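My structure is below; once you've seen it, I'll send some questions.
Think of it as A, B, C and D in the order they're written, each chain with its own count starting at 1.
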Amino acid sequence: MNGEAPSRIAWYDRLQKIDPRIIYLVVFVLVSIPFFVPIPVKMEVSPVVRKLYDKVEEIAENNKRGPEKFVLLAMDWSPSVKAENQPQTAAMIEHLFRRGVRFAIMSHLLPEGPMMAERIAERIAKKYNKRYGVDWVNFGFRQMRFADYMAFVRDMYAIISKDYRGTPIRDVPMMKNIRGLRDFALVFDVTGSGAYADWVYYAQPEAHFDIGVGVTAIIGPSIRPLIDAGQVVGMMEGLSGAAQYEQLLNIRGQASRGMGSQNLAHLWVIIALILGNIGYLASRRREKKLKKELR
Amino acid sequence: MHATYTMLILTAVFSAPIVLYILRARAGKGEIYIRPIAGLSAIDEAVGRATEMGRPVLYSTGLSWLSIEGLCSVAILSHVARLAAKYDLRIIVPVNSYLLYPIAEEAVREAYADAGKLDLFKAEDVIFIPGQFPYAAGVVGIMHRERVAATFFFGYFAAESLILAEAGSQVGAIQVAGTPDILQIPFFITACDYTIIGEEFYAATAYLTHEPTMIGSLRGQDIGKMILATLTVLLLVFGLLMAFAPNVFFSNWLLDLLLR
Amino acid sequence: MRRNIIIILTFVGGLYYFLEFVLPGETGISKLIVEIGKVTLAIGACAFLLGVINLLRLHGTRVVLRRSGWHNSAALIVALFVMLIVHLVRYYSHAAEGDTVWRIYNLLWDNMRVPLDSTIFSLLAFYIVSAAYRSFRIKSGEAAVMMAAAVVVMLGQIPTGQEVTLWLKGYENDPGLWWLSRIRVDTIREWLMQYWNGAAQRGILFGAAIGGLAMSLRIWLSLERGSFFDRQ
Amino acid sequence: MPEPTELEKKERISVEKLVFLIIAVLVVVYIACDCIVYSLRQGFDGFWERLGVGIGAICTIGIYSFLYRENPIYRFLEHILVGLSVGYGTGVVWTEVIQPQWLDRMFGAEGQPANYLWLLVLIPGVMWYFQLSRRHVWISRFVIMFFMGTGAGGAFRGTFQFFFSERGQVIQTFKPILTESAGSLHFTWLNFSNLVFVVVVLCVLSYFFFTFRHETNPVLRGSSRLGRYFLMVCFGTIFGTTIQGRMSLFIDRLVFLYHDWLGISG
């Protein structure tokens, strides 16, 4: 290899051997462009996002007539996946505040989720002048294995004795009309892992609430059979799911701003796929030709 | 909400074959056939190639802890270690969980002892690296420094599977991977030469270790899956019958039976 | 002797929940579930120091013996105790928003923990692009099918991809040409996701659930063999 | 490309160090000016807030330096992260589980009577820690296996409700293949999709049969090969969606760098 001058390397080998750092640089440049040149972006809303939106609207309508039902935000996500789960949480909280549906925040797996959701709720509460304890409550983190989780499903107050700030749960004004999980019409589980399974396998058959999920894009495909069966009512899949939900709320949140960059990044990945494979197929065809000549 | 009568019957229908075949297999009665798992022949091929090149082999148990996946991964590790010992090859085993680390070290030591080459075994080749991304960075460093000829990824993997598989293909090693977690399999398929998918991972352990419990359990599970398949086909057929002859089959009685 | 006690303990642990599921609701057995839940919650929580002890053991020895990179381990130990102490002080002193304890806590959380955690994870964005470029080759028929599905899904989830076939939008209920609206990129993506991928995932779920049931049976009835379970 | 000689290598490393240094100086200078400007405008609050954002930027850029090459700054920041996350995890379990759910119940807080039976929890609680000793590791087995047992016992409820409750996966696989409208049967697009759905489920399930002989059963051999192709479509969709997932992680960091730190509003 040493003696050969660089120009004599075949084009298809050079096509396959682009230095990874150049690829990283192109990703950085492409994703940065929309930060300086905002590109308006309009998404088609997928049926699974619309179903989730309609479910929250339906709860808001029913609350006007019948007994008040609440929403439980199961925040099973950590800072590492905040890029996708945070805009999803923000879009849902915006919708709940706007329609006056009261909600509770908790997590039975990750300590960080309730804290980050609390920050989002406080930021959006200023816009709709909602107050903690009256319009929303935060149970904080309880690590629950199977036994404790079943106890929580059967009797919430046995496991949740204090709220996130340490005040006894009975003193929170909103909790007066919550007897247990049966008073929740929807559990919206935001996670980057399989945390939704506990709610689907163990809690739903008991308390008969609907389940919506806000998941990172990699988990999206594994939710599809649950949507098909009706166990999960609707889903926000990754940043594009959150952007579509923001579009339904017609607000321009963090997700919508990010879609311009997603656009360019995806096109670059498809080009990279094609480049790599053109080089590969060309070199394989050349090897076959060489083998034929040798024989 | 408690089990309906149908669920009680189905609990027995699905659990009985599993327990029955485990007990039969442990009593040594009846030979159970396990279809060859393509990935396993790829392991032998990879170790063979590493011997030709005389480079060491790397076996990663991923982020597995003291779980069933972790123990299955160690079972496959002892098979690979036995092969490596036979060909006087060096095997490097980075482990992520402090609980699994002593068990992995013991498995490699036993493999070299069985081949009568305990002197070749180096305890520091079994390395403990905690943390998800520090583990990935550490393993990538070892691959580049040792220029390993073959890499094996068996056990539980999360997002770092992409970094490991990518680095392996950069070093030009033959790669064989296997994990029950479906989400990481696409990244192993793109970068590895062969990938063992989902439940095949447990079947591979049974195939290698000939553990009666595992083999019996596999047979019981297959019967459970066959029951599920027949139930699905029956539901389909009754659905068709209901459409063609609405008055005869006024409702899908199988579905009603299942839901009573 | 010890092994039998373990077998009994495992069996009893599982038996309660098996009976609670199988027996109809009226028996008093279900009421116990809440009490047991409170006790197991506390027992489980006691294990919280295991992670800390292991980290301190590993990095502590590295600092004491001045092995290479000991200053990193020292930084780790300092970060661990600073975060722990600030968290406990904040909780027990019932500090209000503006206090110094909250300020330090926000600095450690918003300005160190969150950026570090999310930035390390975002390295994957670069690796996945280089994996797509370097390893995702059409080596076989299977890889070609996988790539076709990946490209359709990628195009269907970005605005430009949807733009390409947006003009087919108006044909939903046109009797003759209804299929035109079916071949839009995002409808193909949705169809592929819901019917093809959804069905394959359900097939995998069937296998995994039966596997899970078998594994639970083996653990519950202590049928499991292998080095971990046999060792005294 | 010919192997770089010793001299060239030394040169390249010194150039790299220089570039690293320039970037570091630029970042620190920018943060300093930023903090000073804000402290003049909003006093100590402004200074503290901008200092925090500056530290966040140092962490972000420090980690991204790993993309060029593994380096000491990256390793240092990674150890800080491990320390912070384990510290936080330990702290939260104490303040949100041990204190309210155990100690309060034991010593009786806010009007609840003290109940010293809760001391008994210590016995199994301490057993966890025998995992750390080589000789007495079997003691930790009691509590580990008890918890694994409860999980195993619970699996029956989970599995069968997941399959056979009215929204169960098996029950919902019953999908009409023909729709009956105005007396005649039609094979609509939905029916075609349902048929595809059931066929794919069966083929994928057949791929995971391990103890049936493929050679003697052509149907099984055909369906399991088809099943593997259907699995490839499934993996393709996962790969496609993951591209979007990972890319949004990077976009989120750029929002922090451009928007919060440098003040460019995109």
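Keep this in mind: contacts are C-beta pairs under 8 Å (C-beta built on N, C-alpha and C of every residue); 3 or more make two chains touch, one makes a residue touch a chain.
On a predicted model such as this, the values are computed, not experimentally measured, just so you know.
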Q: Would you mind naming the chains that touch subunit A and likewise touch subunit C?
A: B, D
Q) Highest contact-pair count belongs to which two chains? A) C-D
(Q) Measuring between Cα centroids, what's the chain most distant from subunit C? (A) B
(Q) Centroid from C-alpha atoms only, then distance subunit A to subunit D, rounded to Å. What do you get? (A) 12
Q. Just curious, how far off is subunit D from subunit C if you go by their C-alpha centres, in Å?
A. 5
Q: Quick one: report the Å distance separating subunit B from subunit C, using the average Cα coordinate of each chain.
A: 19
Q.
Give me the residue numbers in subunit A that touch at least two other chains, ranges are fine.
A. 24, 27, 81-83, 142-143, 145-147, 150, 159, 166, 205, 218, 220-222, 225, 228, 238, 240, 262, 265-266, 269
(Q) Going by the contact rule already set, what residues in subunit D reach two or more other chains? (A) 66-67, 78, 82, 88-89, 92-93, 97, 101, 131, 147, 150-151, 154, 156-157, 159-163, 169-171, 173, 197-198, 201-202, 205, 208, 231-232, 234-239, 241-244, 247, 249-250, 252-253
(Q) Quick check on subunit B: which residues sit in contact with 2+ other chains? (A) 1, 3, 11, 15, 130, 133, 182-183, 186-187, 189-190, 198-199, 225, 228
Q | Arrangement of touching chains [line / ring / star / complete / other] | A | complete
Q | Touching residues on subunit B, where the partner in the complex is subunit C | A | 2-3, 8, 11, 14-15, 18-19, 22-23, 26, 66, 68, 71, 74-75, 98, 103, 106-107, 128, 130, 133, 159, 162-163, 165-166, 169-170, 180, 182, 186-187, 189-191, 198-199, 202, 209, 211-213, 217, 220-221, 224-225, 228
Q: Show which residues of subunit C lie in contact with subunit D when the two form their complex.
A: 2, 5-6, 9-18, 20-22, 38-55, 57, 59, 69, 71-73, 75-84, 87-88, 91, 103, 106-129, 132, 136, 141-143, 145-154, 157-158, 178-179, 182, 191-193, 195-207, 209, 212-213, 215-217, 219-220, 231-232
Q. What residues on subunit D touch subunit B, complex-wise?
A. 66, 70, 78, 82, 131, 134, 156-157, 160-161, 163-164, 166, 170-171, 173-180, 185, 198, 201-202, 205-206, 208-214, 231-232, 234-236, 238-239, 242
(Q) Which residues of subunit A touch subunit B once you look at their complex with the stated criterion? (A) 205-206, 218-219, 222
Q | subunit B - residues contacting subunit D, complex | A | 1, 3-4, 6-7, 10-11, 15, 32-35, 37, 99, 102, 130-131, 133-134, 137, 141, 182-183, 185-187, 189-190, 197-200, 203, 206, 218-219, 222, 225-226, 228-229, 231-233, 235-236, 239-240, 243-244, 246, 252, 255, 258-259
